[in-house]
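A short write-up of the structure that comes next.
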Amino acid sequence: MLSLHHYLILSGILFSIGAMGVLIRRNAIVIFMCVELMLNAVNLTFIAFSRYLGNIDGQIFVFFVMTVAAAEAAVGLALMIAFYKNRESIDVEDINLMKL
Amino acid sequence: MFDNVWLIPLFPLIGFLINGFLGKKIKNEAIIGGIGTLAIFGSFLVSCGILIEMISRGPENRVFEKVLFPWIHAGNFKADMAFLLDPLSVVMIMVVTGVGSLIHLYSIGYMHGEEGFYRFFAYLNLFCMSMLLLVLGNNMLVMFIGWEGVGLCSYLLIGYYFHKKSAGDAAKKAFVMNRVGDFGFLVGLFTLYWWLGDNANVWTINFMEIKKAAHLLPYGGVVTVATLCFFVGATGKSAQIPLFTWLPDAMEGPTPVSALIHAATMVTAGVYMIGRMSFVFIKSPDTMMVIAVVGAATAIFAATIGTAQNDIKRVLAYSTVSQLGFMFLAMGTGAFAAGIFHLMTHAFFKACLFLGSGSVIHAMHYALHHAHSHDDAQDMRNMGGLRKSMPITFITFLVSTIAISGIPGFSGFFSKDEILWQAFSNPYHGGLNIVLWGIGAVAACFTAFYMFRLVFMTFYGESRINPKAKSHLHESPLVITIPLMVLGFLAAVGGYIGLPKLVGDLFGGIPNYFEQWLEPVFEQAQEYGHHYAQSGGHHNVALEWGLMGASVVIALVGITIAFTMYVKNTELPGKFTSTFPALHRAVYNKWYIDELYDFLFVNPCKAFGNFLWKGFDVLVVDGIVNGVAAVVKGWSSAFRYTETGYVHNYAFVMAAGTVAILGYYIFR
Amino acid sequence: MELALPQLNFMTIMPEIVLSVVAMALLLVNVLVKSEEKAYLGYLSLAGLVGALFTVPWGEKISGFGEMVIQDNFSSFFTVIFILCAVMTILISDGYFKKEGCNHGELYPLILFATVGMMFMAKATDLMTVFLGLEVLSVALYVLAGFNRDNIKSNEAGLKYFLLGCFSTGFLLYGMALIYGATGTTKIVRIAAMASGNGAVANNMMFLVGMLLMATGFSFKIAAAPFHMWTPDVYEGAPTPITAFMSAGPKAAGFAAFLRVFIIALPTLTVQWSDLLWILAVLTMTTGNIIALSQDNIKRMLAYSSIAHAGYALVGFTAHNASGVSGILFYLLSYTFMNIGAFAIIVIIGKKGEANNNVQDYAGLGVKRPVLALCLSIFLFSLAGIPPTAGFIGKFYLFAGAVQEGYIWLAIIGVLNSAASVYYYLRVMVFMYMKNPEEDFSWVKLTPAVMLCILIAVAGVLIPGIIPNSVLNLAAISLPLP
Amino acid sequence: MDYILSLITFIPLAGVLLLLVMPRNNAMLRGVALGVSLVTFIVSIGLICEFKTIADYQFVENIPWIKAGSFQMNYHVGIDGISLWLVILTTFIMPIAILSTWTAVEEKVKEYMICLLLLQVGMLGAFISLDLFLFYIFWELMLIPMYFIIGIWGGKNRVYAAVKFFIYTMVGSLLMLVAIMYVYFKAGAGDFDITRFYSIGLDPATQTWLFLAFALAFAIKVPMFPLHTWLPDAHTEAPTAGSVILAAVLLKMGTYGFVRFAIPLFPDATARFTPLIATLSVIGIVYASLVAMMQEDVKKLVAYSSVAHLGFVMIGVFALNQQGIAGGMLQMINHGISTGALFLIVGFIYERRHTRLITDFGGLSKQMPIFATIFMIVTFSSIGLPGTNGFVGEFLVLLGGFESKLRVWTIIASSGVILSAVYMLWMFQRVMFGELSNPKNQLLKDLNVREIVIMVPLIVMIFVMGIYPKPFIDRMIPSIDKLIIQAKKTQVAQLVVPASVIDNAAAVVASPSAEHAVPAAGTASPDMPDGHSILPAGHPAGESK
């Protein structure tokens, strides 16, 4: 029988994987994917709690998160396209005009 | 008349203001000089009036205080602008205004044609005012105004020829050395004020109030501290060891200045101050001894230097230092009246000597100028045989020289002999008395020697003057010679108001008027003195006669030596010099005291100041300030490299921050 | 199970409704307006903002939408800040985007949407609303930061902000999830109730970690160290009016949500979070000020300065007493005026393509354009916290709050920081007044809109600086209360 | 006359507004600025006329200003004998400062005058504030115009000097701000009224810290060794008027701060730190004098001399007796006049020769006799020659110090009178005496009418205060007595009322006639004179020790 802890640990691991991806990967799209992974890990947490607590709030939250993630994806990809048009790269190593 | 005492300093003040502000516009020397002279002469007249009134009053009614206005009042401290008239201050104002008037008159002739003639008279008047404040002040602070005021005027007048570097240097030196003394004066004042206030609840700096409270003061202890501090002040003003070196340099000023300030009046302020506070000084046997020893030492020390100087004014300057030493010797041995008496006679003969030397210089200068010669007009080696061309100057000069040398019948004899006798006989310093007398006697011998050396080199022998200039030499005008004659007369007869009792008894019991006159002033001091007098003193008439004779002999010895060396056998000085070159060089160079002071104080001070500025202030103090700024700036330039511009670095910092926070809270 | 319809209370979100409607209408109108007449959109949006301002109620406390939002003085105060922020941004935008030659019709709706998002953050009484408001704001801001499509720096700013913003959102959300898990609710009042009544919840590690992760997420929004790294780059790259907007509005919104959530929902963890904030405050102030010292680009310098100011506000937050919190409110309002005012001047001094933004380029401004220089000096003095400006009063309340709670050292570090900060503010004035002009600043055009913006800013800095009573009292009655 | 203080403080502000709207006509701008400062001065004369010689604050205005949250700040102003003369000094110096730059400042005249007048607002405000918060506002407000005056119209290294001045002062004052907040919360609910704070009775440990914070701010401003290094820089770089105001008024803020705030607020800490402060002051006197002696730049020399002079003020103030504080207060004013005048003098020659190096001069007396006379008077005032103002202050300071526990320090400090003569006269000699060798100096013109007009009031004040300082001291004394009582409040070991107060009261009763002849010494009664007959217990008179 899967307990709440299993879900929480899984989501924790997923969240960590996502975070590590953000830190390690160099392609902006992949990084964004990793962020999505983090968000979905959170969603999993919400759902698990919601189920465990018998409370629907968590599930509603998840809907919002999904919607927002979609909006973010749209904006994000647009930004990347704009950047790519000027720089012809979306490698984060190249996003370094401004520093210090 | 007493009520009008404020007029005395007022007249010179008015003279100063008129000449100071309008002098440049007036231009006419006669008017400027007239104003200046009349101003001080007016004071002289008022002083005479006061003297007459004081004589007419009984001895117990001769103290008078006049408050002009309250000056500094803060809490228990009160200093009024107020004057004190008593026999002592009247003697002083008579000397200051009398000699002052003569010197003003003299200056009209002497300063004729000088640039800044008006300036000279303005300063001279200002000086007189300050000096009168000094002697008239009824409290230490008014005295201190005058005390510093005369220092200021001395500064201004020494630096009168300000375009000469030496004059500027001398002026500054005089002021700074005086300031060292003033520092002592101030600390002495504070000590006395604080002790009396704190321990006896007499918060005062008023002389008469201190006098009344003087019985509360202990013998020695704090009084020694206070009086020694005051004495430091006196050494500064009166050019005693160790602060005497400014006075010879002060000869950079015009000669009337030397006569008035650096001979007759200002330099005697220290003596006056001790006299004024005799009731305090005498309470400290140690201080009295210090004063006596310093006085005696200065007397002999300056006299030795005087023997080897060639500048006519410098000889007189060292002579002044030496004579002041005599006065301090008198004060230190409790012979207050004698000290003041010598102060007065010294004012007469030394003023006359200075003015006489001025007359010589004036003539020499004129002559050399017309001969287009660049010889030094003040160097005695360029003079000689002047008695023929300048008879009046010569005679007055000779009279004064006899007076200073202590030849019986002239004023200096009476006062100097009184000092020597009292130094010997007063019961304060035990065995030291004889030593003091001995030093004084030797110094007197030196005095006679160098003074006659001066006379012989200047007025006798063959003329060493540039031959071309010789024809231009002539006697100075009346405006110069009249003061000479008056002062010469006073130098001759001024001593008779203070005949020693011994001599007076010979002539049917003529009392010592001068001592009698000052008796109420010093009565209290003498009483305190008896408190610790060691023995009854030596009141042996025969001994007194003997010592008097001895001092006459000593003077004659000095004169004889001078005569031998500078008239009869003129090679002797050269021989002497070549026999003892080191000694001569040391004496000629004033025992290298100036160099010693430079080495000990001036140069280290400058070096230390320079170190503090460049080494400490800029590098360390400001270095720390700028260093802090630099460190912050450095951090700034270092920390900005944390902003690498890479997203993953930023994300890493965020993640690391989160982990650190979580870790801290979970595992703490 | 009975189905209870929640009380909706549209009145509670009246300003948001007004602005959303105007924004959507503008999107439609935008299609019809020629590109050189986009300014009209600006006027329309200004009208909408002013209209929204009139719908802000005071003195009431109404909960709406099933306790999702609340209308109270706290939210009203922030709503005013946001509207002012939007108004001033719009006033300086038109000139800027014309200069940059950038079609900017969508700008106004985006600003309005961002404003709506901020308002929701200030009103949120539910973590869900906090998140929603935050995202509405963020999404709009990502676009705004990268609005200058042809400018590579703007692109980069947008992208950096986007990536890091999403990343931080993840942490915030995870924190919310944990809090939800620990208490079983997302309503902040109930979270507090659950925690205070129940030791098991209050001491639950999940609850604590949730708090910490939320703090992380909010710290990103307010640009507190070490979550500040994005700020300089984004501020530098974003179009200057947007930088102005971002530095004032979203920071205030972040504080609004941060304050309300932590003070109302997490009073049981006060000890923990005030410790955390103490450290964050010190780090933030110091980092911001130290690095700002060596900046030449004035936008970047102000970015670091804005980090430092977040630190000052955190000082008040650490104290979280009446003086401290009302100090934050006052300070954020003043900061809006002084910072946007400063940016307004940077906007008009700047040349096309974000050029002329270095401190050195300001040489001689005091001679050539004395009034502008004077205004900029006033803003900078206010930023430095020197009387008689609002910046000083704000700082006084913040630090006084800390002193009152016994955080003496925090206050001392704070004042030392503000002493150091003086250097870089003065540096701008050194160039403006004490160097000789190299250019004549002939390109500087002072349009009425910009002039109005600067005027508002000057008034907003000086009047509360001299007679701060009314604003302070407003702040004092606007504390976040359950 | 109820609002006279506000009137005085804000007339300059009105002048600023007037200047703002005026066209850029330099002559007119200067005229208006001068007029405004003159009007301020004339109105401030009213203060002296209406001033009552009592200890309380007068011309008090207390209007609620900020009241929000837990704070209550009032616009609470008023003056007593201590601040009266500083206010007058400020209004007195201002027209002189404005007149002094008539020709020296040709660029940005409008801004310059605005800065000067704003500065005046700040200074006056700080002197009249009785509300600690208000004081702080004005205190900081002063920095801004001074920063611009140094930074814009200053010399070569002006930016460095201006920024250093600003930040150095700021660091100290911000720490003081924290201390102000702390005091406020310690005092409990209420306003920032300083008299309220006087009576809170903090424990000694707290006082220590608070005193340090206050003292740091004030010590930087004074400036005391070793916090003085901003001063030479600021002075050297500032334009003449800036230096004049800086020396004459701004530095007094520090000493005034000690008198008004640090000492009465923290009596225990004051007692504890008196030796430290006195030591630093004495070091400052000797050290600054020695450093001044070696300076090559006249202005720097005068700047260092300021450090030394302010050291005297600090000694006097911390002597905590009537003479000391009265002397310190007088010395503040004296320093304002004398050093202000010295800076003006340096300004005159700088304007002519564009150099301030001592070696560039020499022999100027010949070329500029009026200048020489004035310079000499001011020099001697600075040295503290009796008859000039400098003496009265210095003397009272040293006297007060000697009577207090600071005796040893005072003796060392007294050596400052020697050193000041050394460095001032040496400088004077090198500048004014000697050969007029430099050909550039041979063309120098003597002072013109405007310059003489500037100097005359200062010279007059030098003598008035030197010869008749009574009106100045008399008005201070009640306030000083109050201060002393306050400062010794918690020191149980001390007398409750200083003996001097009793004495003063006795003197008032006795009220001696202006002139009286004391009969001959012997006939006076054996008792002490009347003024001294009231003895505190434990001090039997007439006891020979």
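So that you can tell them apart, the chains are marked A, B, C and D in the order they are listed, and the count of residues begins at 1 in each.
Just so we're on the same page, contacts are C-beta pairs under 8 Å (C-beta built on N, C-alpha and C of every residue); 3 or more make two chains touch, one makes a residue touch a chain.
These numbers come from a predicted model, not from an experiment.
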{"item": "Most central chain, Cα average position", "value": "D"}
{"item": "Chain separated most widely from chain D, comparing mean CA positions", "value": "A"}
{"item": "Centre-of-Cα separation between chain B and chain A, whole angstrom", "value": "97"}
{"item": "Centre distance in Å when chain B and chain C are each reduced to the mean of their C-alpha atoms", "value": "79"}
{"item": "Geometric centre distance via CA averages, chain C-chain A, whole Å", "value": "25"}
{"item": "Whole-Å separation of chain centres (CA-atom averages), chain C against chain D", "value": "45"}
{"item": "Contacts with 2+ other chains: residues of chain D", "value": "167"}
{"item": "For chain A, residues contacting two or more additional chains", "value": "19, 22, 28, 31, 92, 95, 97-99"}
{"item": "Where chain C touches two or more other chains, by residue", "value": "159-160, 163, 167, 232-233, 420"}
{"item": "Every chain pair in contact, whichever chains are involved", "value": "A-B, A-C, B-C, B-D, C-D"}
{"item": "Contact footprint of chain B on chain C as seen in their complex", "value": "159-160, 163-164, 167-168, 171, 205, 208-209, 212-213, 215-216, 220, 226-227, 229-230, 232-233, 272, 276, 287, 290-295, 420"}
{"item": "Contacting residues of chain D [partner chain C, same complex]", "value": "65-71, 108, 111, 133, 136-137, 140-141, 143-144, 147-148, 151-152, 158-159, 162-163, 166-167, 170-171, 174-175, 177-178, 181-182, 184-185"}
{"item": "Chain A contact footprint on chain C (complex, rising order)", "value": "127-128, 131-132, 135, 138-139, 142-143, 146, 149-150, 152-153, 155-160, 162-163, 166-167, 169-170, 173-174, 176-178, 180-181, 184-186, 232-233, 236-237, 300"}
{"item": "Residue ranges of chain D touching chain B (in the complex, touch as defined)", "value": "164, 167-168, 225-226, 228-230, 287, 290-291, 293-295, 321-323, 326-327, 363, 365-366, 369, 380, 385-387, 391-392, 395-396, 398-400, 402-403, 407, 410-411, 414-415, 417-418, 421-422, 425-426, 429, 432-436, 467-470, 473-474, 477, 498-501, 503-504, 507, 514-524, 528-529, 531-532, 535, 539, 541-545"}
{"item": "Residue ranges of chain A touching chain C (in the complex, touch as defined)", "value": "8, 15, 18-19, 22, 28, 31-32, 35, 38-39, 41-42, 45-46, 48-49, 52-53, 55, 57-58, 60-61, 64-65, 68, 71-72, 75-76, 78-80, 82-83, 85-87, 92, 95, 97-99"}
